[in-house]
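The following blocks contain the structures, represented as structure tokens.
Both complexes below contain chain A, partnered by chain B and then by chain C.
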Partner chain A sequence: MEIILDSIFSTEFFFSVLRVATPLIFVSLAALVVKNGGVMCIAFEGMMLFSALGAVIGSAFSQSRLVGILVGLLLGMSISAIFAYFVLVLNSNGVLTGLALNILGSGGTVFMLYLISGDKGSSTALKSLIIPNVDIPIIKDIPVIGEILSGHNILTYVALITVVVVYILINKTPLGLRIRSVGENPHAAESVGIKVIKTKFIALMIGGFIASLGGIYMSMGYLPFFTRDMMAGRGFMGIAASNLGGGLTIPTFAAALLFGSAEALSNIMQSLRLPSEFMQMVPYIVTLIGLMLVGGNNKKLTFKKEEKNE
Partner chain B sequence: MNKVIDNTEYILRMENITKIYGNGFMANKNVNLRVKKGEIHALIGENGAGKSTLMKVLFGQEQPEEGKIFYKGEEIKITNPLVALAHGIGMVHQHFMLVPSLTVAENMVLGIEPKNKGFFNYQEAVRLTEEVSKKYNLPIDPRAKVKDLPVGYKQRVEILKILLRGVEVLILDEPTAVLTPQETEELFVQLRELKKQGYTIIFISHKLNEIKALCDNLTVLRNGRVTGTAKVADLTEQDISRLMVGRDVMLTIDKEEAKPKKTVLKVRNLTYKNSDNKAIVNNVSFSIREGEILGIAGVEGNGQREISSLITGLIENQSGEIKLFDEDITNISIRKIREKGVAHISEDRMTYGTVADASVEENIISDRYYKDDYNKYGLLDKKKIAELSNELIKEYRVKCDSKDAEIRTLSGGNIQKVVAAREFTSNPKLIIANQPTRGIDVGASEFIRKKLVSLRDEGAAILLISADLTEVITVSDSLLVMSEGKIVAYFEDTKNLTEETVGEYMLGIKKQTAEEIGGVCYE
Partner chain C sequence: MKKFGKLAALALAATITLTGCATPKDGGNSSTDTNSGKDKTKVAVVINTNLGDKAFSDLVWSGVTRAAEDLDLEVKAFELLGDATRQEPTLTELSESGEWDLVVSGTFNLKEATQDAALEFPEQKFIVYDTEVDFAEDDYSNVVSVMSKQNEGSFLAGALAAMLTSSGIEGTNEEKVIGFVGGGENSAINDFLVGYIEGAKYVDPEVKVLYSYIGDFTNTAKGKELALAQYQQGADIVFAVAGSASLGALNASKEAGRLAIGVDQDHALNLEETDPETSKHIVTSVMKNLDVLIYDKIAEYVNGEIEWGKHIGAGLAENGMSLADNKYYREIVPAEIIEKVEEITEKVKSGEIEVPTAIGMSTEEVEAIKAKASK
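Showing the complex of A and B:
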């Protein structure tokens, strides 16, 4: 027990929380934007897998990080574009479409990986690049805080900045206001001339962009290569975090950090040969409890609102 | 051509509007509406008379098959609501077009957001809201969230919203339907103020006292046609009522005098409040006896639906008692209520009456599939079920390919016959028939009415709720009239009752005394 506590109350632990939480922060912000737009999208897992693989392939063949990032964004966002087209234009079921894209992500990335590297497990054969870690001047010299906050991957800092950007987007811009209004009452939005489908499409593409950054981090930062199914449910945890945060930016960020802590803890327990499976459950148990609290308020018996056509 | 001179005083003219919906229903037929600048013009008529359709045409939500719209003397084509708004015509819908979690100011400027270096300028939105609010003397807190506002204020936001967009003609679709009497009073003050400032208002309603109190001119619609246009001051409420409810065809039904026996259903002091704490059903008491059809007449939305939902257990009872054969049936499960002999024809047959994707047979057995009669060795007894459905399809003359046809493939009348076949054969002691013939063809309507009468003769107690006055008067033995959640009249015998009389009570012109109404309560 003592060993565990010692491990938790160490700067290394808090450092690892940020490291582990980075993809979760990205994807939960992505889910948040999409949720605000009133779209139920579960395809983040697929988006992240494609963007992770895209980043590896792009950087391996061009030997340029920028190209790697761009290819990653392109592949990830094309998944969200496909989702948007099916759900918004063709009116197909969002859950089924999302499910299909996630399975496509799982199988499709392995297939592409095999075609390119001849390996079905990981991309270690490709000489892909990584995004470097950086020390932050001044902060790095502050004891404790410097050890926790400095020396992270660039994308970890991008994730933290994205929190602010998303907050501003949703709360301080006309686009954010429109996204929220189409998400909550599309009829109201439509009646004042807002194009509902276009606005939802934009929300999905922003979501696709942010989620793809999370995918790119996984294969260019968290690990230096791509492995099959490396998202391991992070796309879904992002959805859970945005729900737990009630669609608000700061609570969603907090939820992502909470899940990140649970995951960091389970990593420690793994190294201490304790049953990490138990700790892996924690994020989900937390989610269930949160949803229970949120859901309790909505339980009201109401009549179906009828639009009367005379 | 001397009319030309007249036309200049009208800010808005709708000429010969004809609107036919996709299903062939003619909602408007050669309708003319002329509205003068600066007046409050009432558009009145019963449910389904075509008021809303006409206004949807004006606001660009529906395109008419024929007819022209002239605004300020020029013909305009209104292809969508934005075009209407751009011309200066705005509408306050019955269902508010607001985003609840946003603030008043945010709702006000949605779609025309003020910007500051690309960011949303909330301060400016608040300022704009305060400005309009002050200009029209309609106070509102711009920073309040819409979901926290009472209904009257939500409506005010809607009015301010279209005023901010610079409209000159305001269409209000039954604005008082959702308001309390005090809020209604307040709304009228606001509307008179707007009129004083030169705005033109089209006020849709079926409440005559409101129209008398507020409006200058009126246009009456019935069955999609205009039956009268006049100055409100020139007409009595009775005149208007006659224009609204008069019928061309009289309906007759063969039935003998009712021989009511002992009391089946006793409802006492029933009150139901909605989430806005408005009493939708307000202290209602009545009884129904064996062998009697008790009708409830009234404009829709005056608490009838809630009464039927309360008795059948679809909504939770808040206060008051509902007793079936002296046994309390409030807040027990719907299945138990049904097993005690209550049958229910819902006004919404596609939601509460049938399952659209299931077959005729499955819908017929949906209230009895679990009973021993239809099960064998723990499995459904297919043979017996088939026998029953074929028999009922024949008896109720349901036109369908077979018992396995999906309900959705049937016409409205035949769907309703399936509902009737199920409900009427469950050996009911009490039948709650809510709008049983709405929107179905004449043949099926007649069939269902006859069935109701024959079930009455067999001893069932029947509550018939209908917005169709002719139907409710002819089919019922005695009649209640409801208005604003209360019973306002009771007629023990419907034999010599005229629609005009019922209409006057229904529209709130007349009201009976408590003793007269109390006549409907039997022990």
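Showing the complex of A and C:
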């Protein structure tokens, strides 16, 4: 028991929470923007796989980080553009389209990887670049807090900044208002002259941009290479976090951190000889419990609304 | 305009599907020699997953292609892409056609389908790799199976890690703790773990072995986290047995400034060109020499020396397993430890040390060995 507490109440543990949570923060924010726009999108897994691979290929061939990031964003956002085209223009089923794009992400990335590097498992044959970790001046000298907050990957800080940016975008800008209104009631929005499809398209592209950053973090920050199916469900956990946060920025961020902590906890506890199957379940159990609580709350809210209406 | 959009979407979909069917540059379904060769021995190789994985399947294929070159054979690979519904039709078709002198098929997943085909077509000859055919249960006089004893290779890794943890070399700490990160909890991975624990305890009963499972073989980032968690808990050397997710654990060794052991292929040499820093932390890799085993069996077949109806479990003595002996191994490991590892290798070869195997072991027995790990 003592070892467990020692492991949890250490700066390394809290440091690892941020590291583990970074991709979840990105995806959950992406899902949040899209959700606010009233679109049900589950294609984040595919977007992240493509952006992760794009970042590796781009940086390996150009030997420039910027090109890597741009290629990653381009590939990831092209998946969200395809999704947007099918769902918004061709009116296809969002869940099925998302599912198809996730499968395309899993198989398509391996196929691309094979064409380019002759390898089907990982990109270790390509000399891709990484985005470095940085120490933050002043903060790094504060005991405890410095050890937890300083020394992360640049993209981890980008994720934290993205939280603020998304908060302002959704709550304080005209575009955010338009996105929320088409999500809340597209007919009402249309009646006051908002272009519904265009706004939803913009929301999806912003979502694709943020999710792609998460993918790039996976292959240029968290790890220095791409491996097949490396997202391993993170896209879906991000969607769950945005649902848990009820489509609000700060609660969504908190939910992503919660999932990150659960994951980090399960990693530490496993080698302390708790049953591995149980520890692998922890992050998902936390997700389920969270969703149950939120589900209960939502029900109460709708009840209240209905009562008022009567 | 709308129509054009639909056409464009259709064209896109068609391109994706069709390019998916394109024949890969090498490997794939291509035969090494298609022209003439009436008298050439023809060998069909069934691969459960796909070629080009830079690991298990490529290892099998490299043994076959080397045999094809040296012995002038015609060989062809049939990739099942992990699709279980293709197993029986492929094996039946290959056997039924009578076109192939030899069918090479393997892994535990393909065992049943291959056994069925062998019973149905007693004239067809089979070489089965990486699993043991149930010779006691039926008449498989047209089959021979070969398998590497991963527990023996893993035993050496455990012994090496246990010696390194108290050797005081760079990357190690005071505590006598070593780590193990497995892919999923199955009998093959547990066979590695059992060998590793036994090896460590053989050298020094005080050494603690931490072990975690990723739960799959693709979550590379989790492989990294688990290894980092073990380093944080005092492990100075982690053995990663998790397919491509092992790469995450190897990456962790560089980040934590500790040591790691790879599996299946020589990871240090593989990463040397693109990531030399990581190579410096990879002490060695436990390699299955399945290519050699398959090569030998094919050669025996061609020379008419093969003994049918037998299983060959190739451990250290039969050169079925070995530790990667490269310049990193020589640089990192002190000479006296290298000597000791060689001593232990000889003892395992001669049978003086018997390494238990998790294959065929009951769950309780495996748990009993695991329980020793943390003592």
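As a working rule, the second predicted complex is superposed on the first by the 287 of 310 C-alpha atoms of A that agree within 3 Å, B and C clash if a C-alpha of one lies under 4 Å from a C-alpha of the other, contacts with A are read in each partner's own complex, and residues count from 1 in each chain.
Definition applied: contacts are C-beta pairs under 8 Å (C-beta built on N, C-alpha and C of every residue); 3 or more make two chains touch, one makes a residue touch a chain.
Predicted model, so just to flag it, every value in this text is computed and none were measured.
Between chain B and chain C, C contacts the larger number of chain A residues. When the shared chain is aligned, chain B comes close enough to touch A:Asn185, but chain C does not.
By the touch criterion stated above, A:Gly151 is placed in contact with neither chain B nor chain C. By the touch criterion defined above, A:Asp119 lies against chain C but remains apart from chain B after alignment on the C-alpha atoms of chain A. By the touch criterion defined above, A:Lys127 lies against chain C but remains apart from chain B after alignment on the C-alpha atoms of chain A. Contacts of A:Phe86 after superposition on the shared chain: chain C is touched, whereas chain B is not.
Of the two partner chains placed by superposition, A:Pro251 touches none, neither chain B nor chain C.
When the two structures are aligned on the shared chain, A:Gly94 is found in touch with neither chain B nor chain C. Here chain B touches chain A in the complex through residues 27, 47-53, 81-82, 85, 93-102, 106-107, 110-113, 115, 118-120, 122, 161, 165, 275, 309, 315-316, 348, 351, going by the rule given at the top. Those residues of chain A that touch chain B in the complex are listed here as 168, 172-174, 176-178, 180-181, 184-185, 187-189, 191-194, 300-310.
Those residues of chain A lying in contact with chain C across their complex are 3, 7, 10, 12, 16, 20, 23, 85-86, 89-90, 104, 107-108, 111, 114, 118-122, 124-128, 218, 222-225, 227-230, 232, 263-264, 267-268, 270-273, 276-277, 280. Note for the complex: chain C touches chain A at residues 2, 5-6, 9, 16, 19-20, 24-26, 50-55, 179, 185, 210-213, 215-216, 218-222, 224-226, 228-230, 232-233, 243-245, 247-248, 251, 270-271, 273-275, 374.
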